[in-house]
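You will see two complexes here that share chain A, one where it goes with chain B and one where it goes with chain C.
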Partner chain A sequence: MEPFNDFISNISPWLQGLLEGIGLPDVWARVVVLGIGGFALAFVPLIAVIFLIWAARKLIARMQDRIGPNNSGPYPGPYALFQTFADAIKMLTKEDVIPAAADRWVFNIAPIVILTIAVLIWAVIPLGKDITGSDLNIGIFYVLALGSGSMVSLLMAGWGSDNKYALLGALRAVANMISYEVPQILSVIAVVMVAGSLSMQEITKAQNVPFIFVMPVTALLFFVSSLAEAGRQPYDLMEADSEIVAGYFVEYSGMKFGQFYLSEFMNNFAISVITATLFLGGWQGPFVDSVPILGSLWLLLKSCLVFFVLLWCWGTLPRLRIDQMLNFNWKFLTPVALVNVCIVALVGKAVPSSAGPWMQKSALLGANILLALAVLGALVVAGRQARRRDVSGQQEASPA
Partner chain B sequence: MTLQQVLFIIFGIITLGAALAVVTRRNVFHAALFLILAFFGVAGLYVLLEAPFLAAAQLFIYVGGISILIIFAIMLTRDMMNPNVAGYNRQWWLAALVAVALCGMMGWVVLNHNWPATPGDVPPESIINLGKALVDPAGLVLPFEVASVLLLVALIGAVTIARER
Partner chain C sequence: MLDQFTFIGVFLIVALIFGVAPIAIAFVLRPKKPNPRKAETYECGLQPHGEAWVQFKVQYYVFALVFVVFDVEAVFLLPWALAYHQLELYAVIEAIIFILILLGALLYVWRKNALKWM
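Up next, the complex of A and B:
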């Protein structure tokens, strides 16, 4: 049992020894091992996504009072579990249509870039106690930096298609991402300040109490702005079917469409995993110290929980208009995130972690709850004023 | 040739080739995309120099901020993509003069600087040193704080403008 517990962390030295035994030089053996590791890591989100697409269909169907893919129809596998494979085969065999006026190079490269970036995020995510592609000491910053790369690929897709709906979708997507980056980064800053590191592993290790119980407001800010970054409902106006058909990927067909679809799901799952890592304690859980491989299971369970909330929003919330979306970000989320950063910095400094294991955490929790109450109070007052203005406006208007 | 040298040459070719394409492409949108590729190449060089924070900041600021701004400017400019409109105006000779002067100055520095032939030690935790240098009273705390306050004011200004009705 013992070697199996550390199965994944043992496999790389073993493989390297094997390759050096064949007679490969040290450096190239390392390159081969890292290449295989990277390849395996890239398959983690791919395989996860294949089943998450099924889960999403099934759960959203249930939320909308439908049955979804099931045993009775022409779907393959028990409970239509293999429907996604059938879809993938269908996409691979479909004709690849390129619009005559398209910017061919840009049009063709865009899906590759977007999928590459969606996979690259997984390099720094700690999948277990010792299972990380690369434990960069800038971890979460790397994830945020890659997000800005995906903006470029969306613009490439939108512009390269030479289609007004595609261009509108890309512009909406970029406006959305640029705006919601601000509260997202500000909430990450609060986490980094409390954890004392940018590395995803260190942030996980800092959470003997998951941060969602220390900073609930921060967690909510991060999750909402991440939803917007990924263009998930209620922020799906970048691909709003009823307005601009499908947004930036309207002209794509076959596997190129599949790449957009895949990267979208990968990003959604990445958000779930990152939220689980930053706020739910990542791989931490009971019995992880004795059986390290259990950490991956805890992380999977936590991310699935977050993914379920994401699906819940997807299945139930209506779409926002673009002005509502921008107003909500600039007039509400960003100010709250700014105040939140100040509060976390002040409380974190005023109650140092040396004051006792629970002192800093409970002080932060108290400050966060106070902030939440203050925000709710401000909302109540603002809403009351707005209603009063409406009523008086109607009274003035009615005699005339 | 070590692995690092191979990677250095690859990133160097990417950066230089993309930079050349930026100035030779007639299609401005393509030029902007090649500019982004050049930024990626520079980020790769930063990674080779064991400065991952700089590499990520390069992607974040130049790819996510400046390039997007450039692409938006291209999209909002009329006749930018019209092949019948000249790609330059009457001040082209001035720009050429500045470019040649800048190139000459940089070439002079490269040729005359006393470059160390042996590599120095790479500090193990460069990001911690960077962070300490930025908030150290003896270091860069004043310019860092001034820049931070400026950016914060800009952010709050954006929120205030959005709130005005």
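Up next, the complex of A and C:
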């Protein structure tokens, strides 16, 4: 496997030499090489998503006791593997209807912005040992920043459509995304504290033991809030087919709708890969040191595992109401995330580094388990009180 | 370092191409049969009633205000988290006091019923 890694690391100097040989100034040669690399990188999520859409439809159909896409039609191929391609061709050849009332500029730019942002996230994600588009030293911060950017495009789509369903969907989406960004950032802060870096490669390298075994509460917080950020069930009330039809993209047709759909799946896969990188050890695994390309395989397996959990939530959980969603965030996730940051900070300093990494890690794990038990206890008490209030309220209300 | 950000710049252009290309391909392939009926706003088949650009529920604004507090806080906490390994205990305690003040603010908002969906 060595030649393959040499291939990746040698191809860019070789290409640059070739371009300079033609007579291109070396700055432009560098830009062209980076551009080609960028194209190669941008195709990774695109190809992954094409198959993940198939997998998602198939698996969710099985969870809900349906067959899902199958080979009964003329085109879809064995196990309907080519269904996504057929859908893509269908969308490309559909007429594009722009409502007369819509704000045309905002309406047309929104799908471009959302797909651009969904692709941009992949620039910093480590796809294997030393395979990253650009290992920024602010990597995870860049991802969080782009997450807020996609919120703007949702608002553009919802407001620009001049449609009541779209407006409702967009405002729900914004409320959802800004709320759940808080626990997401706070759980990332806990990870950064333990790893000591914002760079995604450095965070991966810091995980001799995957962080999910060191701080399971943080991992759960991050996954749940990312799920909400991506608008997946049970947080899909921004799309909510059965109440506001399709939310912010109800007026879009043809490939513009396709771009929303595509970027949604790209974001879903991105959060799977980011969760795998931050908490499951990323590309780290057995034999990575001798055969570096195996790292990409481990990362793929881990992120498919996370994606499966996401599909599991998608296929089984009912949708939350907006007040439930906001309550769950502000009255549960945010306080827990704040306390979690304090606990991680205190435990890291209370156990001196002279005690060794294993001691520190087990102390963190113990503190996390205690936190989880305390939270569950608080939930039990709060639930009991709420039920008692309900019962007494009913007794007062009923005519005796 | 600069090379890394050059890549982000180049990748922005690549991503824009990825964003525009499907629409451009569809522009070539798609049929175009405009019709005033088609361009009506979709409202489940009924005649649309009024504009959608209306004044909206103020409750969302309250949540946005609470969010701003916590987002600014995150900006303060990220450098602290990054420097955590070099920090003395008192710096950590200070940051924890800062977080506890925020937790107090959250409790205040909670008690004021601003988090209750009307």
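What we mean here is this: the second predicted complex is superposed on the first by the 383 of 400 C-alpha atoms of A that agree within 3 Å, B and C clash if a C-alpha of one lies under 4 Å from a C-alpha of the other, contacts with A are read in each partner's own complex, and residues count from 1 in each chain.
Keep this in mind: a residue touches a chain if its C-beta (ideal position, glycine included) is under 8 Å from a C-beta of that chain, and two chains touch if they have at least 3 such contacts.
What you see is a predicted model, and the numbers here were worked out from it, not measured in a lab.
Engineer: When the two structures are laid over each other on chain A, do chain B and chain C clash or fit?
Structural biologist: Because the two structures are overlaid on the shared chain, the partners are seen to clash.
Engineer: Return first, second, both or neither, reflecting whether A:Met156 touches chain B, chain C, both chains, or no partner chain.
Structural biologist: First partner only, chain B.
Engineer: Quick one: classify A:Cys342 as touching chain B (first), chain C (second), both or neither.
Structural biologist: A:Cys342: touches chain C, not chain B.
Engineer: Which of the two, chain B or chain C, is in touch with more residues of chain A?
Structural biologist: Touched residues of chain A are more numerous for C.
Engineer: Could you tell me if A:Val31 is touching chain B, chain C, both of them or neither one (first, second, both, neither)?
Structural biologist: Once the two structures are laid over each other on A, A:Val31 reaches both partners.
Engineer: Once chain A of both complexes is superposed, is A:Thr93 in touch with chain B (first), chain C (second), both, or neither?
Structural biologist: second
Engineer: Just chain B (first), just chain C (second), both, or neither: which does A:Lys331 touch?
Structural biologist: So A:Lys331 meets both chain B and chain C here.
Engineer: Tell me which partner A:Leu146 touches in the superposition: chain B (first), chain C (second), both or neither.
Structural biologist: It touches chain B, and chain C stays clear.
Engineer: Just which bits of chain A does chain B share with chain C as contact spots?
Structural biologist: 31, 136-137, 141-142, 159, 167, 171, 174, 178, 181-182, 198, 326-327, 330-331, 334-335, 338
Engineer: Spell out the residues on chain A that touch chain C in their complex, using ranges where they run on.
Structural biologist: 30-31, 34-35, 37-39, 41-42, 46, 91-102, 111-117, 119-120, 123, 133-137, 141-142, 159, 161-167, 171, 174-175, 178-179, 181-182, 185-186, 189-190, 192-193, 196-198, 245, 250-251, 254-256, 258-259, 262, 322-323, 326-327, 330-331, 334-335, 338-339, 341-342, 345-346, 348-349
Engineer: So in the complex, which bits of chain A are touching chain B?
Structural biologist: 27, 31, 103, 105-106, 136-138, 141-142, 144-149, 151-152, 155-156, 159, 167, 171, 174, 178, 181-182, 198, 326-327, 330-331, 334-335, 338
Engineer: Going by the contact rule at the top, pick out the chain C residues touching chain A in the complex.
Structural biologist: 1, 3-8, 10-16, 18-20, 22-23, 25-27, 29-33, 36, 38-44, 48, 51-54, 56-57, 60, 63-64, 66-67, 70-71, 74, 77-78, 81-82, 84-85, 89, 92, 95-96, 99-100, 102-103, 106, 110, 115, 117
Engineer: Per the contact definition, I'd like the list of chain B residues that touch chain A in the complex.
Structural biologist: So the residues of chain B in touch with chain A come to 2-3, 29-30, 33, 36, 52-53, 56-57, 59-60, 63-65, 67-68, 71-72, 75, 125, 127, 152, 155-156, 158-159, 162-163.
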